[in-house]
Amino acid sequence: MAYEKLKKDYFIAVIGGSSISDSLYNIAYKVGWWIAKRKCILINGGCSGVMEASSKGAKDAGGLTVGILPGKEKDEANDFVDIPVPTGISEARNAIIVNMADGLIAVDGEYGTLSEIAFALKKKKPIVGIKTFDFKEIHKVDSPKEAVKKIIELINKRK
Amino acid sequence: MAYEKLKKDYFIAVIGGSSISDSLYNIAYKVGWWIAKRKCILINGGCSGVMEASSKGAKDAGGLTVGILPGKEKDEANDFVDIPVPTGISEARNAIIVNMADGLIAVDGEYGTLSEIAFALKKKKPIVGIKTFDFKEIHKVDSPKEAVKKIIELINKRK
Amino acid sequence: MAYEKLKKDYFIAVIGGSSISDSLYNIAYKVGWWIAKRKCILINGGCSGVMEASSKGAKDAGGLTVGILPGKEKDEANDFVDIPVPTGISEARNAIIVNMADGLIAVDGEYGTLSEIAFALKKKKPIVGIKTFDFKEIHKVDSPKEAVKKIIELINKRK
Amino acid sequence: MAYEKLKKDYFIAVIGGSSISDSLYNIAYKVGWWIAKRKCILINGGCSGVMEASSKGAKDAGGLTVGILPGKEKDEANDFVDIPVPTGISEARNAIIVNMADGLIAVDGEYGTLSEIAFALKKKKPIVGIKTFDFKEIHKVDSPKEAVKKIIELINKRK
């Protein structure tokens, strides 16, 4: 993927908790992996848990990762973030993640994730969910591969 | 209530939709009215609907109202906001409302309100709800008077 | 000053460094005092130095003070802030102070203050300065009383 | 430049006015071009003028560009932004540009640029300037090539 093509690609946010089980880490990793394989750019909050796992997956598949950080320093990002954006605006940065995403994939998640889902629902952005909050607008899927396929489908339909 | 006492008082946020029915307007109005009667300071998003109704109620009862606005101009505030705070940070201002609140009362509400509930749950701030989203941490009540009584009780317990 | 009159009053920001000499503290104190005496509402960053001094002055003169805080907790505010607004957006909160101000008085100041002056110049808001940065748009004055008189004059002219 | 190397590279912000002369456009273009040639990542505010020119230059040299936008929509970005970050926080996004930059190059500029210089001075980040505001901490240079050489030198010294 050459740089000059980047802006044609989709930005897909992966949202979810910062402290998760091994099995959820594995799921988030694979979601990141498939996002990169499908030539999309991964965005997330740049921290631990689902954010780290999905970034690692995307990097292992040769993708590009963006971390929208709560704090003011780039080194807050996990090791798999290419483009760390140190917003310094704390949880309010969740709104930026949603602004930037063409679509979102929620994996598990606690109340921070819920705030992102809420912003995404308000903006009518497509959301796919694996083991996450239950809203009728969230498309439930069972596997990482299916999640990425579904979100790209939903984004395509919206464009 | 003299100015020098203000900082001892509680800040209570009223959250809810910007476009509501007459009966919800009336409920939100009374919530604002009771907040002022109980010598608390009302905060909300400063716009229409639940925000306007609760501010109007608080002013009619002689209270003080703060509006945390999404835009950059003070005149975006409804007519019943004493202290308009034009954040210019759009929906991300919902995080500021929650930071500032000692407790929150949710009246009805759509996805913007849900983002505020999510931030409040994350920060473990007490929430009382009338006809709103259903989370086990939200204390459901039936009347505006009861809502204000309950939220003050919950804030007192927490201090 | 009854609450219902508040929204008719001017919001005047006092900006300046967080660590200052006794003589500057005294100047900032008097600026706050005169703002309250002239029935205006004081806003500032809510922290130490010029912010604390001006808030103390305003309170001693019976005024109302608003602190637009960088952090997420109200208790970050100095003891003389009536309405603490814990933005959680760090230095970016300087933009909110400028949005909210009808006019600004700069006392001394370092680079944080310079960012506020820059935002105010961009928005063409009136600025009065005592011992501060030198821009042709800043009206230099020698005393706190004169500073408040001048800023009210400039705001009146603009309305 | 492979993706996996990105996080080792420097992020260099180019700041300056959104409406500029042809000769300044040309200077900003070349600054962007040299940033990409030196394998650094360009960041700026994503809009017109110096921002567009430097992004175009960086793209023509095969580089990667990040635009930290004031608004909430990615399509606000100029055509040469690879990674548009729609902050939705208006001018306050200037603080994010500074947080993210390892060093800054100022080209001309009005008061928005001054706010970025102020934040950068506060954070003691290196700044190189071409035809811009005059502060003793800003290293003045005459050419785009020299500007990029100097800023990399200053960043290296700081690490």
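Order of writing sets the labels: A, B, C and D. Residues in every chain begin at 1.
FYI, a residue touches a chain if its C-beta (ideal position, glycine included) is under 8 Å from a C-beta of that chain, and two chains touch if they have at least 3 such contacts.
Note that the structure is predicted; figures quoted are calculated from it, not measured.
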item: Winner on C-beta contact pairs when B-C is weighed against A-B; value: B-C
item: Intercentroid distance (Cα basis), chain C paired with chain A, Å; value: 41
item: Computed distance of Cα centres, chain C from chain B, in Å; value: 27
item: Gap in Å, rounded to a whole number, between the CA centres of chain B and chain A; value: 31
item: Where chain C touches two or more other chains, by residue; value: 72, 88-92, 95-96
item: Touch-based graph of the chains, sorted into line, ring, star, complete or other; value: complete
item: Complex interface listing, chain B residues touching chain A; value: 89-96, 110-112, 114-115, 117-119, 121-122
item: Residue ranges of chain A in contact with chain C within the complex; value: 72, 88-92
item: Chain C - residues contacting chain B, complex; value: 3-4, 6-7, 11, 41, 59, 62-64, 66, 68, 72-74, 77, 81-89, 92, 95-96, 99-100
